[in-house]
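Below, chain A partners chain B and then partners chain C, in two separate complexes.
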Partner chain A sequence: MLEIENINVRYGPIHALKNISISVGESEIVTVVGSNGAGKSSLLRAIAGTVKPSKGNIFFKEKKINSLSAPSRVKSGLTLVPEGRQIFVSMTVEENLLLGAHSQNRSQVKNLVESIFDRFSNLASRRYQLASVLSGGEQQMLAIGRAMVAKPKLMMLDEPSLGLSPILVGQLFELIKELHSEGISILIVEQNTKLALKTAHRGYVLELGSVRLEGTVSQLAADKILAEAYLGESV
Partner chain B sequence: MSGYLSGVLAILGINVIFAYSIYITAATGQLNLGGAGFQAIGAYACAILSNELGLPIYLTLIFSAILGGAISFLIAFPVLRTKGVYMVLATFAIAEIVAGIILNSDFLGGPTGMIVNNYIETEVVLVVAIIVVFLGFYIMSTRIGLAMRAVHDDEAVADLMGVNKRAIQVSAFTIGGSIAGLSGGLYALYFGFIEAQYFNANISIFVLLYVLIGGTQTAWGPLLGASFFTLIPEALRIGDDWRFFIFGVIIVAMMILRPEGIVTRDALDRVWSKLFSRKSNV
Partner chain C sequence: MFFEQVLQQIINGLMLGSIYISVAVAFTLAIGILNFLNFTIPALYMFAGMVGWSLSHYGLPFGLSGPIKWWFALFIGINCAILASLLVERFTYRYFKMKHGDATEHAIPLVSSLGFLLIFEYLILIAHGSDTRGFSTPFTNLDWRVAGFIISIPQLISLILSILIVAALSYLLIRTKVGRALRAIAENPDAATLMGIDVDRIVPVVFILIGFLCGVSASIFAINYHEVSPYMGDHVGTKAIAAMVIGGLGSVWGAIAGGLIVGLSETLSIYFFGASSAQITVWSLLLLLVVFKPTGLFGHNAIGKGKF
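Here is the complex of A and B:
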C-alpha cells in the first residue's frame, strides 16, 4: 500500500529525517513511536505532501507520488488526521465534514457526511453547532470523521491520544481497530507506546530522525532498549 | 424619491458592490489594498466602450467586469506569492500603477478625466447591488465558499482536506477584481465623469475598512460594513463640522467593541439559535 524509500527531510540546517524507509501493507496497522523531536510528525507530513523530502521516494498503491500535491494525495486515498485535531473551530460540525469531503464527487458528499452522523450520534446532535464547543474527545471524533469522508485507503493519525482522558483513549483505539476491520490501512504516530503496540501489527521506533528499530509488535515489545526507553520498564 | 436620497442610495449600491469585491478576496485570508485600481479599470473600460464604440449599457458593464477579472487573474499569480503585509503593499502598488498609467495617458483623459456618454438611474445600481449581494451569499454557501473559509482559517490544514489553495486564492482574487471592475463601471455610468484622482488610496483604504468593520467571517459583513460607512456619515450631517470627529469615534469604538467586525459567525450562530430554537448544549 505505502512504501517509503530512504526519504530525507531538511528544515534549513536541521536534518529532520535521515534515510527513512518504512512500509504499510494492505489492511495493516503500523505504528511509529519515538520521543519528541524524533521526526514522527515530519514523516507523516512528508507522506501527506505538506513537506517536500530532499531525497528519497514515496510510493502509494505502487505509484510514485513524490510530485503529487497534498490535495492530489488526498484524492488518491491518503489522509492525515493532524496532531492536535486541527478542526476548523469557526465552522459547524457539519461544515467540517463537508470540507473533509472536498475531494469527493458532489453527488457522494451528502451520503458520506450522513454516514459519519450515523456512526457518531453525539456529532449528529451537534451538527449545526460550531466545532469550537465540542469536547476534546468529540473534536478527535470529528477529526477522524473528517478524514473518513475522504474515503481513505490509508489513514494516518498523528498523536491521536494527545490530551484525551484514558477512557476516551480506549474508545479511540477501538475506533481505529474498527476502521481497520473495514479495510482501511492505518499508520499511527503515537507517544503512548504501550497502546500503540497493543493496537498495531508492526512498528518502527524513530530516534533523532532515523529508524532505530523495526519489526512486529511482539518483536518490539520484547526489545530491552524499547522496553526501557519507551515502555517505562526497567530491564 | 428626492435627488439627495437617490444619490445616497446609488453611492450605497456602488459601495456595497465594491465591498463584496474586497470581501471575496478577504474571505480567503488575503487583504487587497488595491481596490481603487481595479475599480478604475472597470470605470475607464466602461467609459471607453460607451464613448468610442457606443456599446449598450449592459454590455459595457459586462466588459468592465470581464476586464477587471482578467487583469486580476494575470496579476494574481505574482501577487499571491506574497503574504500578509507584503501582499497589502503589492496590491497597493498595483493601484498606484493603474493611477499612474491613467494620469499619463492622453487617450484616457490624463489628469483632466473623461466624460461618459451613457447614463444609468439609481434603480439600475440598486438592482445590480442586490444581484451582487446574492452572488456573495451564494458563493459562500457553496463548497468553494467553504474551501475559501478553510484557506482563510488554516492554509496547511485546508491542503490536507484536499483543497487546492492556490486555485481557490486565484479564483477569489479574480472574482474580486471582476466585481470591483463592475462597481467601477456603475460609478462611471452613474456619475457621468471619471478622473484618476478619484480612484486614490483613500478609496482603497475605505473599502477595506467596510469589509473589516463589517466582518470577514460571513457574507453579511460587507453589506453591513458598506452600509455603515455610507449611511452613518450622512446621518451625522446634523452634527455639522463635528460629523467626521463623531464618525471617527464611532469607528474606534467599533474596533474596540467588535474587533472581529460587526457580524461574526459566533454572533450569527447565537441569533440563529434564538430564532430557530437550536439550543446550544454548551
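Here is the complex of A and C:
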C-alpha cells in the first residue's frame, strides 16, 4: 500500500528525517513510536505532502507520488488526522465534515456525511453547533470522521490519544481497530507506546530522525532498549 | 428647516456609504481570508474607473474602435480590475508563498502591494495626466423627491446594489463549497490542505472577488458623481480601511455598517464643520472605537483573521 524509500527531510540546517524507509501493507496497522523530536510528525507530513522531502521516494498503491500535491494525495486515498485535531473551530460540526469530503463527488457527499452521523451519535446531536464547543473526545471523533468522509485507503493518525482521558483513549483505539476491519490501512504515530504496540501489527522506532528499530509488535515489545526507553520497564 | 437639512445630509451620507461598502468588503476579504492588507485595492478601484472613462472617451487602444457606450466601457473596466488583481496575486501573494512557504508571515506582500498601487497610479498618470475627467451617463438629475427630501435614484439603486452584492458574497462564503474552502483557508491553511483543498487554486478566487468589488464600486462612483481621476482611489481607500476597521476585520456585514457609518460621518462633518474636517472626524471615530472596542462593531478578533 505505502512504501517509503530513503526519505530525507530538512528544515534549513536541521536534518529532521535521515534516510527513513518504512512500509504499510494492505489492511495493516503500523505504528511509529519515538520521543519528542524524533521526526514522527515530519514523516507523516512528508507522506501527506505538506512537507517536501529533500531526497527519497514515496510510493502509494505502487505509484510514485513524490510530485503529487497534498490535495491530490487526499483524492488518491491518503488522509492525515493531524496532531491536535486541527478541526475548524469557527465552523459547525457538519461544515467540518463537508470540508473533509471536499474532494468527493457532489452526489456522494451527503451520504458520506450522514454515515458519520449514523456512526457517531454524539456528533449527530451537535450537527449544527460550532466545533469549538465539542469536548476533547468529540473533537477527536470529528477529526477522524472528517478523515473518513474522504474515503481513505490509508489513514494516518498523528498522536490521536493526546489530551484524552484513559476511557476515551480506549474507545479511540477500538475505533481504529474497527476502521482497520473495514479495510482501511492505518499508520499511527503515538507517544502512548504500550497502547500503540497493543493495537498495531508492526512498528518502527524513530530516534533523532532515523529508524532505530523495526519489526512485528512482539519483536519490538521483546526489545530490551525499547522496553526501558518507551515502555517504562526496567530491565 | 435645520432638521430637514440634517436629514438630507443623512440621506446623502448613506448614499456616499454605498461607494465605500464594496471597497471595504474587498479589504476585509483580503484581511479575513489571507491575513493580507492589500494596498493595491485603491489602485484597482481607480484603474476600473479610468479604464471605463478612457474607453467611453477614446475607444479601444490603437484606434480599434471609436468611443464605447458608457455601460460597456465600465463593464470592461471591471474586468480589467479583476485581471489586474490576479496580476497582484501572482506577483505578491503567490510568489512569496512559493518562495517562503507562507506569504502572510512576511511583510513583503504588503510592501509589494504598495508598490503595485504606485505603479498602477503612475501608469495612469503617464497615460492620461492628473486631471479629473468627466464621465457622462444618461443619469443626470434623476432625483426622487419625497416629503421635501431629494434622493438621487442612481445613488439609491447603487446602495441597494452594493448591499445585494455583499449579501450574495455572504451567501457564497457561508453556503457554497468554494466559500467553505475559503473560510477553512482563513482559519487554518495547513488543515485546509489536508482536507484536499487546493489552496493555490482557491486563493485567486479571493483576488477575483476583490477586483470585481473594486470595479463595481468605481462604476457606482462614476455613474453617481460623473467624474473619475487618477487619485480617486486614494480618497476611497483610506475611507474604506476606516470602514473595515469600524465594522470589524474580516466581517463582511461589518463592512456594510462601517461603510455607511463612514459615509454618514463624512457628510455630517462637512455640513457642520466644513470640507476639511471629514478626515479628522472619520479617523477620530475610528481611533475612539479602537480604544473602546478593538474588535470593531462586528469583528470577533481584535487583530488577525475574522469570521464570516
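The rule we apply is simple: the second predicted complex is superposed on the first by the 235 of 235 C-alpha atoms of A that agree within 3 Å, B and C clash if a C-alpha of one lies under 4 Å from a C-alpha of the other, contacts with A are read in each partner's own complex, and residues count from 1 in each chain.
In this text, contacts are C-beta pairs under 8 Å (C-beta built on N, C-alpha and C of every residue); 3 or more make two chains touch, one makes a residue touch a chain.
The structure presented is a predicted model; accordingly, all values stated were derived computationally and were not measured.
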Would you mind checking whether chain B and chain C clash or fit side by side on chain A after the superposition? clash
Of the partners chain B and chain C, which touch A:Arg146 in the superposed model: first, second, both, neither? both
Who does A:Gln108 touch here: chain B (first), chain C (second), both, or neither? neither
Of the partners chain B and chain C, which touch A:Asn6 in the superposed model: first, second, both, neither? neither
Output check: A:Ala70 vs chain B and chain C. Expected answer is one of first, second, both, neither. What do you get? both
Quick one: is A:Glu95 in contact with chain B, with chain C, with both, or with neither? Answer first, second, both or neither. both
Quick check on the superposed pair: does A:Leu80 touch chain B, chain C, both, or neither? Answer first, second, both or neither. both
Based on the superposed arrangement, let me know which partner A:Thr216 touches: chain B (first), chain C (second), both, or neither? neither
Residue contacts with chain A in the superposition, chain B compared against chain C: B
Under the contact rule defined above, give the chain A residues that sit at the interface with chain B and also at the interface with chain C. 48-50, 69-71, 74-75, 79-80, 82, 86, 88-91, 95, 98-100, 102-103, 146, 150
Which residues of chain A touch chain B once you look at their complex with the stated criterion? 48-50, 69-71, 74-75, 79-80, 82, 86, 88-92, 95, 98-100, 102-103, 106, 109, 125-126, 128-130, 133, 146, 150
For chain C, which residues count as touching chain A in their complex? 177, 180-181, 183-184, 187-188, 190-198, 300, 307
Which residues, counting only chain B, touch chain A once they are in their complex? 143, 146-147, 149-150, 153-154, 156-164, 217, 265-266, 269, 272, 278, 280-282
Residues on chain A engaged by chain C in the complex (per definition of touch): 48-50, 69-71, 74-75, 79-80, 82, 86-91, 95, 98-100, 102-103, 146, 150
